[in-house]
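See structure below.
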């Protein structure tokens, strides 16, 4: 039983990272109706931003420290937010009225570009992410050993999700986001500047992906330019599972995928773990294509 | 493509492939293998074009079907030792066919969910299928798992590659140019209208997947018996994207364009590699002055893809303004 | 008289909304029936029920003596119901010729194997298909556009092509969904002539959903009126015109 709870906590930590990435997919899909394939790579850039920033930040806040870790987290979120806005501005905006497939292929192109440019500039070999968090003693509750990093992942995710919910539900720009995702033409007619809203959505999603990248690197400190591919795909699956376009759905989907994958690799076979997300995806699309919390759409004839 | 003299084309191409294979030992082996790669790329791109280009589905898992064909055919031919010329080619033919059929079966499995999904959802599901195939192969110890599988016989030759490339082109072009086959394009253009016009859209979509996967399986067999060593990682998501790019570059639903793109994109990395290997250029003093091309060729490749989508989404070889429909 | 199409108490609900309620409707052989009603009355939904896009929640639909409930749209088309769409839905990247030709697969004797083998039988059949397509296009003065992509035609020509494409299915019943939408007065006169011509030439039944009262009154032999999914009147044009319920529905009483 202890073993089970141990796996459950591992799964929740992994799942909350997926949830943070999944939210970026689901927000962009909700507004522009396309899969931002490069989103997983923004996650990777978040980790690398932290990698290169840490020594600079260490001159202000000595690392490892809580304050330093927060500084690394925030600065890398800001950098990735700017990158996300730039990607949308340069690659996606000119294609806004084009067929979906054109945009999808462009997104794949952007993803490849970031990966290969990453290999060129950062080097293809994995790098060791610096220790930015002080290592706290491992707490034992019952037979459970709780790694402080896992607790921090859970806490940071929770804080970010609450902040996100506040932005989306209570602020003016959040209301505009919901309006655009509901009906872009009508929102534009009512005076919502859709370009600003879309840029903001990319900034928000990319910042969350960057946070996920830092949390990931803190937990699994080996980072490389292709590290975003699989978590990116799994997070997308999480978004579909929760019902694409639905924010709580994305978070829920991330947790479910994270826990399922960890449990299956713990109890059944670890070699199949990368196939699980896809099996879940195919199953959910066959049984309930609108996802767990999504609404059903009927095509008008 | 009008395709009036379809059979003449088919027989002519096979005969040429046969003649060329007689002179194969006079061709520099480096080039010979590039020719095999070109033939295999043509089979892959033209068959994918049936699914993505003509039928308007979006498969990102074509390399997965290729893997099924490669492993199936290799497992069969590895049962045999040295054989006479005729026996070897006979067994090879059977193995290629078996690889194609196994991949077609996989195509049927992928085709079924495709009935309910479209666009980017379908893309991600086919990608998922491709990855699942890869993970399954990695876990099959009998075929070497992640370490890969040695293929004993290098039976792929010019006759088989170009003969089968011709057969692929013939089958795809014959299908879509017939009255029956206009249904594929109708499904792409407007599924609801196609269904209302008596077109069984389900059957057309599954047919496209099964036929496309069959030829990807055949290409896999050719690939396995040309490289003589295959790993599950060699048939990943990136490989699928490479074939999708050939279809896009050639122009969706434009067979001749897609063939040209397959040739071009197979030669491009080789060309860039050669350029970057040049030690000295007249007037330039630095060693390996073009070395950066080799290091950045994949960056160039991805940038080309983005620029192409921004400027010519209809492909390089399409005369029409845009053949890609929503 | 045995009706060609018969709807008996056909009902469809979407969640709490009853879009069409207990609709009874009959269309006889070679009859031209109009289906009218205010916006959102359920006319297009009725169309989608007949063509199998939606399945009725309850009730029965019979065509040519057999139920069509549970059939897919393509199966219903094979059995002899063809339609046009309110917002034109041609195959935009196919040529005018191929738009019509694509429908001829319904009448092919050979199948895929024919197309792959490309023998004598295949070429003969393709030739006869081409002849019949051209004949149809000529009847409707679209022959000169045969190699143009459908999307490049003018609005009126696209409407006509959509009707020709439906006729290529050789239906016993043709459903026209607001064919006059977006047309000016001259084009409407032309359309009236065209619908009469189709009925006389091809001897088929036509069900017409239309907004334009004048056009419907002019050509339909019988008219059914829907309001909020319920049939509130049926009869000859003059009877319907005089029916107080109909007047109330249209004036938004």
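To keep things simple, chains are lettered A, B and C as they appear, and every chain counts its residues starting from 1.
Assume a residue touches a chain if its C-beta (ideal position, glycine included) is under 8 Å from a C-beta of that chain, and two chains touch if they have at least 3 such contacts.
The structure presented is a predicted model; accordingly, all values stated were derived computationally and were not measured.
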| item | value |
| --- | --- |
| Most centrally placed chain - per-chain CA mean versus overall CA mean | B |
| Relative to chain A, chain with the most remote C-alpha centre | C |
| Centroid distance [mean C-alpha coordinates] between chain C and chain A, Å | 49 |
| Distance from chain C to chain B - Cα centre to Cα centre, in angstrom | 42 |
| Chain A-chain B separation of Cα centroids, rounded to whole Å | 33 |
| Per-residue overlap in chain B, given as positions that touch at least 2 other chains | 192, 325 |
| Shared-contact residues (touching 2 or more other chains) in chain A | 301 |
| Numbers and ranges of chain C residues touching at least 2 other chains | 53, 85 |
| Chain B residues touching chain A - in the complex, by the definition given at the top | 58, 113, 116-117, 119-121, 123-125, 127-129, 131-132, 135-136, 138-139, 192, 237, 241, 244, 248, 295-296, 298-299, 301-303, 305-306, 309-310, 313, 324-326 |
| Chain A to chain B touching residues, read off their complex | 34-35, 91, 94-95, 98-102, 104-106, 108-110, 112-113, 115-117, 119-120, 229, 233, 236-237, 240, 269, 271-272, 274-275, 277-279, 281-282, 285-286, 289, 299, 301 |
| Chain C-touching residues of chain B, taken from the complex the two chains share | 6-7, 171, 174-175, 178-183, 185-186, 188-190, 192-201, 207, 323, 325 |
| Contact set on chain C toward chain B in their complex | 51, 53, 72-74, 77-78, 82-83, 85, 89-94, 98, 101-106, 108, 110-112, 114-116, 118, 122, 125-126, 129, 165-166, 169 |
